[in-house]
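Okay, got some structures for you below.
Next, two complexes with chain A in common: one pairs it with chain B, the other with chain C.
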Partner chain A sequence: MRSTSTDPLLSVESLRTEFRTEGGTVTAVNDVSFALEQGEVMGLVGESGAGKSVTATSILRLIPYPGEIVSGAVTFDGEDLLERTEKEMQGIRGNRITLIPQDPMTSLNPVLTVGRQIIETIRLHQDVDKAEAREIAIESMREVEIPDPQSRIDEYPHEFSGGMRQRVLIAIGLACEPDLIIADEPTTALDVTTQAKILELLNDLRERRGVSILMITHNLGVVAQTCDRVGVMYAGNLIETGRVEDVFEQPRHPYTRALIDSIPSVDDDLERLYSLPGSMPDPKALPDGCNFADRCAHATEECRAGPDPALEAVSNRSTDSQVACLRAADLDLSEPARNGTDERRQRTTTTESLLEVNGLKKHFSAGDGFFGNLSLTRTDGGGLSLERRYVKAVDGVSFTINRGETLGLVGESGCGKSTVARTVMQLLEPTDGEVYFDGHPLHELGSSEMRSLRQEMQIIFQDPKSSLNPRKTVGQIIGRGMKKHGIATGDEKRSRIEELLERVGLQAGDIDKYPHQFSGGQQQRIAIANALAVEPKLIVCDEPVSALDVSVQAQILNLLADIQDEFDLSYLFISHNISVVRHICDRVAVMYLGKVAELGPTERVFSPPYHPYTESLLSAVPHSTPDRQPDRILLEGTVPSPIDPPTGCSFHTRCPKKLDGTCEREEPGLDPIDGDGTHQISCHLSVDEMGEPRTETGEPRADP
Partner chain B sequence: MTEEKKAHYGRFLRQFRRNQKAMIGLLIILGLVLTALFAPVIAPHDPEATNIPDRELAPSLEHPMGTDDLGRDILSRVMFGTQISLYVGFTSISAAMIMGTTIGVVAGYYQGKIDEGLMRAMDAMMSFPPILLALTIVAVLEPSLNNVIIALALVYTPFIARVARSAALSVRNESYVEAAIARGESDRYIIFREVLPNCVGPLLVQASINIAFTMLLEASLSFLGLGVQPPTPSWGLMINQGWAFMGDAPWLVFFPALAIAIAVIGFNLLGDGLRDVLDPKGEIIE
Partner chain C sequence: MAFASYLVKRLGFMAVTLFLVTLITFGLTNVLPGNVALLILGPNATEESLAQLETQLGLNQPLYVQYVDWIVGLARGDMGMSLRYNTPVAEQIAIRLPRSLLLAISATIVSVTLSIPLGIIAAVRKNTPADLTASMLAFIGLSLPIFLWGLVFIFVFALNLGAFPTRGYVSPAEDPIAALHYLILPAGAMGVALTAYIMRMTRSSMIDELSEDYVEFARAKGLSEQTVVLRHALKNAAIPVITVIAFQFSYAFGGVVVLEEVFSWPGIGRLTLTAIENRDIPLLQGCIIVIALIYMVSNFLADAFYAYVDPRIRYGGEK
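So, the complex of A and B:
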């Protein structure tokens, strides 16, 4: 396709994109320059608002109103894309440069078959007839490893799982044999096990096809596992570029260092996470000099004056790294910055239980309305029978939380972890099972008794914006709980709120502000202050950091750890992020399809012997150390429907260590595997078998 | 707190002032309200004083809109008619707002069977043409100004309820509602203090559009003789009575009809403008 030349495939020079909004001009991309060689994979990382997605859309000239590319040049294969007409750009987009969008669930048209959507792209750019286009479409579906492409090509998007839809989108991108693929957060909306498979596929494609990929992501692990080179963005500037190994091992920019240090790792035990103070500056009012200076520990007066530092090669290094920092030459950032020790947080937890959950079940009726969940099935005898169908979101879960302890609930989306939290708190009525809180049987209490007990248990939500009523001030929000439960009124209430705000890292003066005046991380702090206001014993944290950027995530995790000791709190901590759970939890329950697969102290759950599902979850997490290529266990297929869960062990359909016969028929119990009974695994395998590494081929083992 | 409210309010006003539709609508309505308030002062003649010798006079300086078949000054009657129209419009829509919002928010908050029950009843009411339903209610209650208001309020309740329900449904899914339940709040507190204030935007828009319809319907009812009773001046009634003289004296119908048209346009413009200003994509609802 491409004329052979030694020039880079794509080179971006001094690109500047601005958005003219009512409140002022926002420079989303500020003098960004980089080059991408043929066959190279480059990552653009940064937190939200760093300008990475706008850079990608600027390359494709797809900036939405009121955005505008103000200056710069984008040279692709020798031609300047900014000089092309819109018509010429249409011939390039989807053909020579393709985009893989972030959310596979909304990026396919639900009323067209996937085949039509692939064929449409092919026929738009290539002079082929329908039959040939169909052949190419089937071929590209095969290439992205969609099983049985001949028949699946005529299916509709809703018949595909999330991971399979992302494959379809990649197939659309590949169908015209592009030179460059721009992948905008291609795995952010996917579960870790699915993410691992998509990353594996992208790595394969790149090896087979020699296609160049520009990978936009906020996840350093993804970069480390897929990219050759990386560019780090902050507040519209590209602040560091270089080979992945160099940047990860010896970052030259303080922000890069901080970003790497903020991420909890799956195999490190740190007392506290390193956290950057503050958050990214308002793009409408960027400071003079280096945009990062206000959060930088190494900033000098020189950093805070003049224009943004230019991206320059580091003089005393042999690599081709470039960094935009005035002090790059004097700083040695090869050692991670840490606060606290490398020891795991020493916790004293009692063995007195606060929350006890026995055989909890929550079934939702499948379908809408009174008749919606009825389904006609043929019985074994051949007669018809009418059955009510239920989604078994939680199907027999038992655990306890001791005073002052943090129990983590991990699992992929749809495993029922959020439903457990809401059922425990009696926000949803359990179908069956017992919940004892501080000795009170919650499942038997009347609504007024329950209401007064609610003071003792609070919840923090995933989306901080949605958890604060936009029409109330911070003081009204936090004060309501105090008034409601008779903790404080009048001036005493106000001074307590101010104290709480300061405790969670805000200012007392914030009491009269409205939630929308705060950033996401600050809103989550308000939500935490709100939970603390009624002096609870248990706080349920439902994905409290998933919506936050990594540097802010570290601040919130540290805050949660600090207040736990101070206020003697117990947490039920729900997250899909295994590293976060490992960092903050004392004990962990791994959930799969509404059941607990493994339960035990954190360090024992995350070391052998494992439940096969825990093992594959752990192996799927992309490590943020580039030299480490983990031996990934890729699970077959997708999570089965919770309406008709598999017989026997619900994981047997995907288990790489399945025993033929037993696993399909008998449901394993959650049995203790060690002497004191604190570590329990629900699996038919023996302890030795669970401990040994999986067979090389990954094939299911034939003999039990 | 006041500082903050001022900033919030100031932004709303700025957006509102920049919106032409809303501003024109507001000016028209202000004009109507002033006319209604000061009608006894500014009206050149007594609206109910008959003067048979001066009947059906064409518009002139003395009678800018002419006189009707009993010699009454049409300009004065249109001015006094503004009182009736605005009174009927505001009271009936306020009553409809109170009933519709309560029904809609309760249905949206509880969902399930309560929702089904309430909304099917609303659908049943909406399946009648508004004029037919209003006629039936007035006919049953006997024609009078107050009964017209009751009928109009009942007719427009389902329209408000539908909007309130859909707004409440989306607010219901916000975490702060769940947080309120987790705090142990009563349903009443949650519905009226957490859910309702966040549904106000779309409801205001719906109300200002529907108020134009209630004024039209009041005119229609009066035209059919089931509304305001003579000799009280009402725009609909004036058209009704002038109808017979369309050929000789078209101004008997033209000017009251023009007044109705202006009022309807005014409220529609305000409603449309408010919708633009309060649009979630705009800045005000963040």
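So, the complex of A and C:
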């Protein structure tokens, strides 16, 4: 336990961490100073490359080669960790300072039982025997609400779901009663409903144990819902710190303001996002003066010279915010930033359908190889039998997309949304069902007819890095489709490509560059230009912004909206991010376990939500406003296996409003709930029942 | 449960493979030039005695009948009579096989004890002189054929140092010390030749594992580097290495044919060569089937062990 003192538990002073790479020295953490009080939760927020994770690993002194802490001090409970020997650090790590890592799927050793992985930490740091350590481990698992810890302790990581694995990691972090927990993106790899439960757990633990937490995240919603104080990082610098309420309501740094404004709010439909131009500077070649100056609307000549601005207290005495901006005193950033036309998009869509999908099914063989999907099972009589098993990834999905319209497909991982996209595009052969595109029955077409139709339906993937051929220039990549489909050749092709590049926000001169010379956001622009080049009618966007930082995400979403209006495109927009879907889609289909749970115009589906799954999904999104503590609906258990989906309504195993009997036996149809039939819900409850509050504590809902 | 059904599947595959191997063995040995009856009776045999012997050996029957007879015999452990030794083939193999197994297993033990520590050191000290030296040695081991290693070992340890006999075999049952004395050179030569693959595999597998998140997390728990490497990373890295070891064991069995000749080791390899030289078809068929079977069994054991070590396979979890 820590010695009693009035000093902060952790104080980081002028920390500087560098990576000496062949291409030059990267200053990942640049003169960062902050302090964390006992029992406080502090968020460290920023986009990728901001230096927040390296700050965390610097505190633990676990910087991977070729990184090195160059200068500074990390004072933990009165002692400078940078002065400790490696042996002494081993006694602190996992004991007094513990880490909750980012990815629960890969952070546990797959070949050791979870019990062994918890117990080894306990026995390393505490003087207990095996049996006692096991008791402590079971107690920790119970504390993080892992059901049935006595028997689950002997299971292997793969037998746990993602959320449960994250709980195991937290249990490891708690087992030795640490003073400080460093949580490095603890919910980033999780689905939104699981994220809600983990955040709830962290909040509980913090209240019960009074432990301090340093929360590293890119998600402002997570900060708003869990932290007392927040530090914003940009290009290795800590540019603003303060109480969460102050920073969100009265940001002092233009970057903080932009970060807040770039996030699509879960409550807004179709609003144009503020987008910050450009991207973070190359960490090997940081500019003089403020690193943010190039993207800042308020920057002056003074900002672009001299050293990085220092983090200084704001003159206003009502807050203890600190900011690293020369112009902080002059700027009032309490109002959201806007760039130009900031009205809602005026959407006019036709009722003429472009894509029609009826009863689409895609079943995969469970397991791989020739005999892979055969499973030896014991029959009721006790005999052995071989059974062929299938993963029912998509199991009867129907929808239409009209010309010029965007249909969103939203759902958690494994719900089948990406499989729908690939099956619609005939990149995967459907198991059953019909797909009509512009009147053509795609499910009946041969491969040569399909090939000519491909021109009219394009796809943009999540990761542009792997979808663009690294050995071809941008011009070759984009020109290939144009040539193949006879759109343009020679000089005409080149000038068309240059036009397209400019249209998507790149430069005509970029035509001879290679994909690796661009940032992630720019690569996604190339992918968009590539899709546009063949003049398609439909673009399937499969998580097009999930891999991008929020400021870049806003740029791409705005671009997609603009070109849709300009070229009269239809989008099938797939995302796990409800805020993004809500922001860009005219209509939305909520998927659960291979089926559509709800389908309708975006505002009717979400405000207010009807289907119990839609409702819980929406409530689980962490709001990026600190004063809003929504009444979260925490779903029980995990998504069932698509090999063996539940009978009746597939959501009944987790539904907070389940009707006993009916929901388990009968599968609800996707039925219209309004006069014009555009809003369809698959649920046994009546509209009124769905609208009713769940519990006494829930706020009664306004009538739709 | 899933482990059992996995093993059942693997056994099924093995049965199919074995069937195909018998077909190929039978087919090939029957299209080889040379009349067996003529070989036995010599060039002066009369037409009559040839015909009589062919009838006796069943050689005038249709091929499929001969095949079925052969398979039925095999299933009962009857591989026919060796033409050269005039004793049952099974008896010959039963004498020779254990000697070859002794050699191959010893060689595998030598190579594993050399290669795994070397591989770990090379991975932990990636891109340092230690790694480069180990990799280079491994590469040399890999580049030279097994028999050459045999000759090098004979030249250095037997002829120059005189520490070991150049050739021969003593049964461990008769004189264990002398047996070991005769075993060390051939096992060492083969072991060194096999080391390279396993070491390379250990190195690359360890490098992969050491960059995994769970290794980083293990360090964050406060574990010492030694525990992180040996308890966490090695157990995962071992999984692909085990497959390579099993594969190398089978490869060793193939290498045995040549190496036994070099060291005059009276195992199944030399027996096979004798069978080829003498057109001893039943003996050749028996040897090929037994070598193929050893190959399949060692791979099966590797798969089973692989599944046992990796709980994701053992319990049929997700990918």
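Rule of thumb we're sticking to: the second predicted complex is superposed on the first by the 673 of 704 C-alpha atoms of A that agree within 3 Å, B and C clash if a C-alpha of one lies under 4 Å from a C-alpha of the other, contacts with A are read in each partner's own complex, and residues count from 1 in each chain.
Here is the rule we use: contacts are C-beta pairs under 8 Å (C-beta built on N, C-alpha and C of every residue); 3 or more make two chains touch, one makes a residue touch a chain.
Because the structure is predicted, anything quoted here is derived from the model rather than measured.
Superimposing the complexes on chain A yields a three-chain arrangement in which chain B and chain C fit side by side. Applying the stated contact rule after C-alpha superposition, one finds that A:I172 touches chain C and leaves chain B untouched.
With both structures placed on the common chain, the touch criterion links A:Q458 to chain B but leaves chain C unconnected. By the touch criterion stated above, A:S495 is placed in contact with neither chain B nor chain C. The angle formed at chain A by the C-alpha centres of chain B and chain C is 30 degrees to the nearest 10. In the superposed model, A:S14 lies in contact with neither chain B nor chain C.
In the superposed model, A:Q507 makes contact with neither chain B nor chain C.
Judged by the touch definition given at the top, the superposed model places A:P110 against chain C, while chain B stays out of reach.
When the shared chain is aligned, chain B comes close enough to touch A:N469, but chain C does not.
With both structures placed on the common chain, the touch criterion links A:T121 to chain C but leaves chain B unconnected.
The gap separating chain B from chain C in the superposed three-chain model is 6 Å, by closest C-alpha atoms. Within the complex formed with chain B, the residues of chain A that make contact are 22, 369, 422, 425, 427, 450-455, 457-459, 461-463, 466-471, 473, 475, 477, 480-481, 484-485, 512-514, 516, 527, 530, 534. The touching residues of chain B, when paired with chain A in their complex, are 1, 3-4, 8, 116, 174-176, 178-179, 181-186, 194, 197-198, 283, 285-286.
Interface residues of chain C facing chain A in the complex, by the touch rule stated above, are 1-2, 4-5, 8-9, 12, 212-214, 216-224, 227, 231-232, 235-236, 239, 309-312, 315-318. Listed in rising order, the residues of chain A touching chain C in the complex are 60, 62, 64, 89-95, 98-99, 101-103, 106-112, 120-121, 124-125, 156, 158-159, 169, 172, 371, 374-378.
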